[in-house]
Amino acid sequence: MTPFIAIERVSKAFGSDAGPVPVIDDVSLTIAEGEFVVFLGPSGCGKTTLMRMVGGLDHPSEGLIRLAGEPVTGPSRAKGMVFQSYSSFPWLTVLKNIRFGLKYRDDVSEAEADRISRHYLELVGLTAYAEFYVNRVSGGMRQRVAIARTLAANPQVLLMDEPFGALDAQTRERLQVQLLDIRRAERKTVIFVTHDVDEAIFLADRIVVFSARPARIIRDIKVAERVPGERTLDSREGRPFLDLRREILAIIREEAQYNEAALIAAG
Amino acid sequence: MTESKRRPKSGSATESQWRTLFRFRGKARSDVELTIGVASFVAILLAWTAVAELRWIAPQFLPSPLIVLQAIYRLFTGQNFAADIGISIFRVWVAFIVSALMAIPIGILMSSYRIVGAVTEPVIDFIRYLPVPALVPLTLIWLGIGEMSKITLLWLGTFFQLVLLIADDARRVPKEYVETGRTLGANDRELMRDILLPAMLPSMVDNLRITLGWCWTYLIIAEIVAASSGIGFVIWSAKRYVKTPEVFAGILAIGIIGLVTDQLIRWLHRKAFRYLGS
Amino acid sequence: AGPDHLDCAYPFWVGFGPVHLANELGYFKEEGITVNEIIDDDISNAYAAMERGDIDCYLRSVGEYQGRPRTPEMQGIIIGTIDESNGGDGVVADGSIKSVCDLKGKTVATEPNLPATLILQMAMKSKCNLTFDSLNRVDIASQDAGAIFADPSVSAVGAYEPVLTQAVQAHKDRGAYVIVSSREYPHLITDTIIARTDNLRSQPEKYVKFLRAIYRAIDYIGKEPEKAIAIMAAQFKLSPEEFKETIANINYIGLDQSVELMGTDGKPGKLHDIFTEIMQLNIENGAADIKLEADKQIDNGIITQVWKSRAQ
Amino acid sequence: MTESKRRPKSGSATESQWRTLFRFRGKARSDVELTIGVASFVAILLAWTAVAELRWIAPQFLPSPLIVLQAIYRLFTGQNFAADIGISIFRVWVAFIVSALMAIPIGILMSSYRIVGAVTEPVIDFIRYLPVPALVPLTLIWLGIGEMSKITLLWLGTFFQLVLLIADDARRVPKEYVETGRTLGANDRELMRDILLPAMLPSMVDNLRITLGWCWTYLIIAEIVAASSGIGFVIWSAKRYVKTPEVFAGILAIGIIGLVTDQLIRWLHRKAFRYLGS
Amino acid sequence: MTPFIAIERVSKAFGSDAGPVPVIDDVSLTIAEGEFVVFLGPSGCGKTTLMRMVGGLDHPSEGLIRLAGEPVTGPSRAKGMVFQSYSSFPWLTVLKNIRFGLKYRDDVSEAEADRISRHYLELVGLTAYAEFYVNRVSGGMRQRVAIARTLAANPQVLLMDEPFGALDAQTRERLQVQLLDIRRAERKTVIFVTHDVDEAIFLADRIVVFSARPARIIRDIKVAERVPGERTLDSREGRPFLDLRREILAIIREEAQYNEAALIAAG
């Protein structure tokens, strides 16, 4: 497979009063079309920053990111994003928020846009709340609005930053399954950030584990090889799943300890 | 968050309507607010009557409310004051609408593209400080002595202030909204139309309300320029012959128009932007 | 404007009522011209409008006419007189001030280039040989004079009627009284009719018609004062009573008297001397900086024609 | 998000400095902005020179820049224009500071307690529409012809507008901040001081900037009231005699003061509120 | 034990254009001093709303809430709250945000306030970020700021709405343990919302499971009785823990199915 997304020796530093603060340190990564990659890493390590750069919302201080061979220069509909702080438009209702992205697709008629937005509304279980303004619904519901809106816009690449964080176990499981269905049916490439190792293994073809800030890749795990076969909710109980789970938790714990030590030395 | 009215309606219900007035960010019922508003005007009226009747200020300079009322009656019956009010409202609204129609797109563009901002901001910063009365002759030279110059003077006083307020509003739209729009495929024009504009709308309406009032303050300047109608003209001509009751009648008319307009826009704001929660 | 139309601007002053009266009585129409009246107080607006060709005539006192930025080349030339102030402009002083000479070193508030300023200057010059340098003169808008006089640091204020009367009445406690007024200086404050020079040269006939109608209106005031006042008062948003009180302090100048002031057939009249005298005052007080010559600024050709046509 | 300057500095670096001007919400370097700002003034100056020199408008109404420059020179050398500028700046700032010191607490209280809002809003809505020039006699009666009445006229034109802008700012502070403060034990006074005030500060400074300019527009009204100094007086007395070059000199002085003040406040805003991100 | 918090027949409905929408339906609950109660329930059921009412930020449409016998009439420092959308003050740095609540404690000197805020800053692992403005730090870090700020203010009751949602597994575990320590040492009463059943069992003395909207209590589980002994990270692997976990997941799943059916019937 040709690399669909290519992150080429990317570094990023933010300016501050005390000089530049490095956040991403020389990261290279290629992602194939249709691949589902999960980013794991300690809080504050730079996952969101890296994802924003793939989405064209931030720019690398050094290095280059390519999408389908072309350098990424800015955001576009091709790169759909679910933000960590799920943002929705307070002046629109739940349904209109979901429908928002369809405005800019000239391949979609009005009637079809209605159908599609209702479809995703239902998918995230908000049919009864279609006409509520978004700050009249709960936190978890707002997050679902953001997910449905991004899916409805039908991007090539889905960038999802802790999208299921505020959802109850049931809704979460349902959406996980749906997400796998969608990306299989429509061959979407997905980058997904989560702190939930179970979720990561369940969803991912590959898990990329980052170090603490500045983010470097400390492990790149081919999940598809390690947990073969179809993903069902039951596969979570299987041996390969549980083994991989233990292994990843160990990696994380080790990095955290290393990091803790550094922190104590520094602070 | 509007609470439903399921609470027991006891004697304390109305009492708490008054107490909520004193609670931090409490909401009051609109009839309660109206009562208070009327009360404060009555208080001012009483104070005015007292000052005038006790002759603390000579009646040539501060006539009592009753005398002003008589002047209003005279103006309406004898001088067709209604027509003056009509023409003034017309002039102000034309100038204001033109200002708004120009300021909204330009302000949004100023905040969106540094090239527009960099070119226009210093010039606007310069112009908006200028005293409009000093620009009257130039306006006359360009536009003659008809309606056009009066409306232009009102516009001069309004547009340059409004456009900066609008640019500030647009600038304050959180970048999260813009980024969301971008990733959904909105282009620049669509960002401005579908995101900046609705996101800034509530504060923009507040600022339009404020500048509409500013536009009115220029009325007297505009209507002493080769005018023979309008509230500004009535005030000015009465002032010239020291007909203080008529001056106050004109002032009062403007104040009442202002009060009514402002309250109306505030009410519309509450209705239109209920999604902001409350 | 065309050969049978005039746009004519004048300030909000009862002395200019005959223009409106002539219009309302249809005298202009009878002459075959239409006149559009424009009310504006600010003389600089009149300059702008005349320079632009928006107006063909305006009405002002001689003193104001001479003020800066007038140069000999500028549009505008005096072709007739319409009224003069007879107590309608003056200065109100504190009871402790016995004569204008006592104003020396005091604070006096007047509006520059308005009649009251000229009257005060004239009085000080003729009675005690003082100039404005001996005063602390502050600029005001005449309408505010009554209010300004509430400030005890102000010893005198200049204004026109009815502001003068108002100031006197409102400040009886300080013994306020009119210390000097236009009544003492006949003809000093004479209001004139000023034509746009270009237009006058190309269409003199319409100015003849214009003046004739105005002097007819002034005659009508003498014959039917009640009716005339009712018509004119409306234009100034005054009641007939208020109007009558105010015109008690002015005289309308009919054709005969106008001819006397303006002269005929290029021969100077009284106004030429007055013009020269005021010119001197204006240069002293800073309202003008170019010495204009009376016979270049006053054109009695039109009024001569009016006079002759009536004599026939 | 200020990006570090680690990017390779190639020839295209400066080129992209120009391109960012045309990018939606792009940031431009301040030297680039300055160049453009200066360029747009130069363009206006050229247009002005052309109109004046080609005599499209007679010089009595629009003198050429050179003639205005000469008038400025005359004013400074002959008439102590520097003192006029000084006194005008003094008057405006006193009035503005008094307005701000009153408007900030009152505006915050208006938005915080409906009782304050209900009592004051209608009255302010009424007063702020009134034409200040018509209120001159009353001001004189109360305050005489000294500094006090001039400053009060400036204040009249500014305070009632500012207080509403401030109240709107305070009203827009998200309730989340207030609720957080509450659960941390802040009482009403502390909420206003420690939460409302800092949260609204950036938009308040924008609005103070706008109203400072507004205050200057009243200068000419204030300084024709028995004044013998100040830029407004210079303009007004020059205007009376149609000394247009001097009028323009005065106008120019006010415009330049405005430009400099606004740019300074904008710059301070950027420095002080860097936490807003960029 | 006397009930420290008493929720007495509380109902809540929000007004909407289509009439009042019931959110809480006749809920009664008493909580003893020092108890740690976890709320579990489907997204949008009303957990946040109930918690806000305990905190005095919303008012019941019917019924009454008492704290230490007194009716709750408004928010106060006694009832500390970590909001679901972790809000911090953008005009303050991380450290100043944490210190904010200490301003209003007159029992604390300036020096002590410094010490306390530094202590909690360290607790949440943000020492290196003390001087960063809060919108220069990551989502997870912002959530930690909110937690530290609430703890520093030392309230009697801690109301925590999905506080650990955006944290990586390591940080989360560490904070869970710390939270248990704090409440044991200082006998705090805690109400805690989470969607993570493991977290719920690990932390709770009692778990209250709510129905879908309008929220009713469908189960009140005394965890302390079911999983006796000290809570350590290892106790998560024990039989009682896993049994309880399975039981709760079953309850939730059942409620969700019931709810799904209702939704389909309605929508």
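A few remarks follow.
Chains here go by letter, A, B, C, D and E, matching the order in which they are written, and residues are numbered from 1 within each.
Assume contacts are C-beta pairs under 8 Å (C-beta built on N, C-alpha and C of every residue); 3 or more make two chains touch, one makes a residue touch a chain.
Being a predicted model, the structure only gives us computed values, none of them experimental.
Common neighbours of chain B and chain C, by the contact definition above: D. With centres computed as the average of Cα coordinates, no chain lies farther from chain E than C.
In this assembly, the C-alpha centroid of chain A lies 84 Å from the C-alpha centroid of chain C.
Chain B and chain D have Cα centroids separated by 18 Å. Centres computed as Cα averages put chain A at a distance of 46 Å from chain D. Chain C has residues 44, 47-48, 51, 143, 146-147, 150 in contact with two or more other chains.
Chain D has residues 58, 61, 137-138, 141, 236, 239, 242, 244, 277 in contact with two or more other chains.
In chain A, the positions touching at least two other chains are 14, 16, 85, 136. Contacts from chain B toward chain D in the complex involve residues 20-28, 32-33, 36-37, 39-41, 44, 57-58, 61-62, 111-115, 117-123, 125-135, 137-138, 141-142, 157, 161, 164-165, 168, 172, 175, 178, 188, 191, 203, 206-207, 210, 213-214, 216-221, 232, 235, 239, 244, 247, 250-251, 254-259, 262-263, 266, 277. Chain D makes touch with chain C in their complex at residues 58, 60-61, 136-138, 140-141, 144-146, 224-228, 233, 236-237, 239-244.
For chain B in complex with chain A, the residues that touch the partner chain are 174, 176-177, 179-180, 182-187, 190, 194-195, 198-199, 201, 273-277.
For chain C in complex with chain B, the touching residues are 9, 12, 37-42, 44-45, 47-49, 51-52, 54-55, 143, 146-147, 150, 162-163, 166, 169-170, 236-238, 242, 246. On the chain A side of its complex with chain B, the touching residues are 55-57, 74-77, 79-81, 83, 85, 87-92, 100-101, 103-105, 133, 135-136, 149-150, 153, 155, 159.
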